[in-house]
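Presented sequentially are two complexes of chain A, the first with chain B as partner and the second with chain C.
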Partner chain A sequence: MSVDLSLDYFALFGLPCRFRLDEATLDHAWHTLQTEVHPDRHAHLPDGSDRRNAMAGALRVNEAYTALKKPLTRAQYLLELAGMGSDVINANVMAPEYLFEQLQWREAVEEARGTNDIDALEQLALRLQIQKGGVVEQLAVQLDDQRDLDAAADTVRRMMFLDKLRQDIDNVLAAFDG
Partner chain B sequence: MTYSNKVLDHYENPRNAGSFGQDEEGVATGMVGAPACGDVMKLQIKVGKDGIIEDARFKTYGCGSAIASSSLVTEWVKGKTLDEALTIKNVQIAEELALPPVKIHCSVLAEDAIRAAVADYRKKHGEK
Partner chain C sequence: MALLQIAEPGQSAAPHKHRLAVGIDLGTTNSLVATVRNGIAVCLTDEQGRAIMPSIVHYRDGGGIELGFDAMSTRVSDPRNTIVSVKRFMGRGIKDVTHIEAMPYVFEETPGMVRLRTVQGSKSPVEISAELLRALRKRAEASLGGELTGVVVTVPAYFDDAQRQATRDAARLAGLHVLRLLNEPTAAAVAYGLDNASEGVYAVFDLGGGTFDLSILKLTRGVFEVLATNGDTALGGDDFDHRLYCWALDHARIDPPSAEDARRLLMAARAVKELLTVCEEAPFRLRLDSGEEVDLTVTRADFFEMTRALVQKTLAPVKRALRDAGLSPRDVKGVVMVGGATRMPHIQRAVAEYFGQEPLTNLDPDRVVALGAAMQANALAGNRREDDSWLLLDVIPLSLGLETMGGLSEKVIARNATLPVARAQEFTTFKDGQTAMSFHIVQGERELVADCRSLARFELRGIPPMAAGAARIRVTFQVDADGLLSVSALEASTGVEASIHVKPSYGLTDDEIAGMLRSSLEHASDDLTARALREKQVEAERLLEACAQALAADSELLDEAERTTIDALIARLRQLVTGHDANALSDAIAALSRATEDFATRRMNRSLSKALTGHNIDEL
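Let's look at the complex of A and B:
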């Protein structure tokens, strides 16, 4: 079977085009499709366009899965589908208050690293996780219920900072383990 | 990626790192951040009664190029009026630090930080 490359990621997996998503359904649809398009199944094809198409299909399926799996990339993809350019989504337009808060988080991580305070880092990670949960819920309301794309873009931007913060905390924790 | 010697120098010996007290006379703060890389940059200027920027501080969480860009602008804004400070452009920063194309956005962030700090000063002091 070949993949219709003109389908958007949601349609590819037969899912409704919205933010709220049942991860198990996505995983299942991905496994099914991945088996069908796996390059090994097309190894018998002669070199040429059929085999290249099969390869492109397999890549597309994985690309779609990666984009939909994480709430942040799923929200970004929905905004792109709605016609919002990545330059708009990534614009440097954060409210100063939010940036101050981010600065304070980073300072707290830096301080905990300096004092080898693993407990403090784990508490920060926990607080961050709670905040991220709230942000994901907010995205669901803004994207699915209110269809307020500008507000959703702002939430996406906030989430990008939270992701970076999470990486920072993880890196420091990993350094302690090592 | 290889950093230029100038970036490394600012990274290892940051100029004017730190903060002024928020309530200090003549202090204004510019906060900027780039969602795409998660960088956060704070630039503070201290403006004298004569309208000249006497001193500056920065605090940046980000890559070496973002730190170097903000460190550099704290040096450049000193001794300038607000209007003169606003003439500092990201291309000059990028050129001075020999930033590669993928790091140009760091110099843009530093230029934005100057604008934000000047805007904050003017807001606090009722200038247009």
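Let's look at the complex of A and C:
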């Protein structure tokens, strides 16, 4: 097996290029590569090109890991490898039922935020988590089994919305913590 | 130097050469220095056998300073010139410092970092911290019998870029070679994890004298991965003292005290706090210079009541860190307590209640950070044994962003990204014919730039005039393993470039540091040229050593011509290394480094494939 830093993220970690992935396998491959290239491994050497090389390696390995770890970014990366950049994905027109779904979520979050209802927000976060699980499974089928990239791009857009919503809920909850 | 020592990364090329390296815990209240001796981390003590050095510097009238225990007595007699808790001022402006009204110092309104006016003139927190570091360096060199190769200095995980820069500058000013800035909770986790061979998710609850950190780490087979970190760099044991102080002023009906009396009251408050850790009640009794008497009794219940809000304040970062890590309190296998302030019983109870388990207190909370830093210093210096190869994967605590239209912060690197990390973002011009673009770099989670910390501003000039939106300006943020940021900007169509090592707003410039070094009496006798030559010689020796090793291991990766060039450059460097020409030596080092660059890349690729082969995919 030949591995170098110009490889795609999956090949870099010695993983098959597909959506379904075992997190423990990815973590272990990440640790194995960082053990080679992490700046801590080269701190005793003087400044110079080998440290720069290792730094470039460490940056690339972390970038690859970050992209593959989360289902959304992993799906986006697979689409990008297949020639569908983010501009193509974002240009897709959303089906009306998804837009309606988004509207309902937004209203629910706004209502809970308006009444400072932390329990309701936490409930929404939990429901969102469950829904996200379903969307991830759908992506696995579309990307790995059906190889239907257009459908996967739609699902990615749905997921982007769910992730953003989750972030908003977390921000509101974080404000309540303090 | 060009060659990766790939055979055993992190191992010394010549294991018999033990390099002297120490870990330094530069604390708000106390500082410590530790090293690894015969494979075991130990704190280094002063002549009286004390590991702790109070972080106190006294500037004497007429010159000279006293430090640590020797400066304790002047806290009351000369409060203005006896600086305690200087860490609270590192990388901070005057408006950021809490409880400034209870402090006896004369502050100076200077742009960027606050300064203190002492009898020996205006001092920056960086200079004051450097005094503490210099004392620890002396202690270490006396104890280890030689010059230090490098140090690891710990910082609160929640320190921002300005505070980290200030710490690094202080170490440089003290003549130390910083191998790494290490986050305090991570250092504690290393000491704890390696001691207990732990696996799983751990929380480190680190409440020091002036700072609070909460880190969530996952420990797997020798890898310490920080999942999330949060905290408050203006919350610590000092704040509990301050509550007691206010309570005493209130209950004893005392007029606003003089600087001397304020110091006295604060010291009494700390003694009361410490006593309440073991006793149910404590006397708060002292006579002030003003003639007023304080004669009060504080019960634990009183103390818990007056500090309840502070305890609550520690729980917010705990919740946020867990949420960022996507975990609940149940997922945490153990909570490691770090920092003297975690001795307070109501802190321990609050943590136990929140996590549903008793926190781990089996390591000395005052020493654990220094011990972990020593282990990391030992590894970074290249002293580690092959069977001792653990790895730290730490994160950036606060998001980094750029100011965009409307005073909003556009996040470029999100908090809790694993270090090192680089990210590029493209921007474009918004006016026709625009030839310059200014960037404002900020750190923090808030939407508005005004609510984030301003780190630096810089300009990219010389953009060729184009229609609005036609220029492509690529801004790259890179954060190294110390958590320090550098930023560069490049206009893609013309290659116009600007880069900045982020420091102007809060840090010191290199000139300022050089000036301080020159003026420092400590270094007046140091022959800077000789030092520079010695450093170059050490670098050359290491490079030669690494080359020999790399050639022995992987020379088949080179063709004949490449090999001849490298051999000739090695011979030249060998010749110069014993001479006295630092510049020629420096050039020869650079030449050999350049010539071996490709070789290093080939070796790295080979090593990476080696690392992954031998495990097939299912097994990984």
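Quick notes on this structure:
Everything that follows uses one rule, which is that the second predicted complex is superposed on the first by the 163 of 178 C-alpha atoms of A that agree within 3 Å, B and C clash if a C-alpha of one lies under 4 Å from a C-alpha of the other, contacts with A are read in each partner's own complex, and residues count from 1 in each chain.
Rule of thumb we're sticking to: a residue touches a chain if its C-beta (ideal position, glycine included) is under 8 Å from a C-beta of that chain, and two chains touch if they have at least 3 such contacts.
It should be emphasised that the depicted structure is a prediction, and the values quoted were computed from it without experimental measurement.
Looking at the shared chain after the overlay, A:L99 reaches chain B, while chain C stays out of its contact range. When the shared chain is aligned, chain C comes close enough to touch A:L45, but chain B does not. In the superposition on chain A, contact is made by A:F161 with chain B only, not with chain C. In the superposed model, C is the one of chain B and chain C that contacts more residues of chain A. For the contact definition in use here, the chain B contact set and the chain C contact set of chain A share no residue.
Against chain C, in their complex, chain A makes its touches with residues 1-5, 13-16, 25, 27-29, 31-51, 53-55, 57-59, 62-63, 65-66, 170, 173-174, 177-178. Residue ranges of chain A in contact with chain B, taken from their complex: 89-92, 94, 96, 98-100, 102-103, 106, 156-157, 160-161, 163-165, 167-168. The touching residues of chain B, when paired with chain A in their complex, are 29, 31-38, 40, 42, 59, 61, 108-109, 112, 116. By the touch criterion given at the top, residues 1-6, 9-10, 12, 19, 150, 179-180, 220-221, 223, 225, 313, 315-316, 319-320, 323, 376, 379-382, 389, 391-393, 417-422, 478, 480-481, 538-539, 542-543, 546, 589, 593-594, 596-597, 600-601, 604-605, 607-609, 611-613, 615, 617-618, 620 of chain C touch chain A in their complex.
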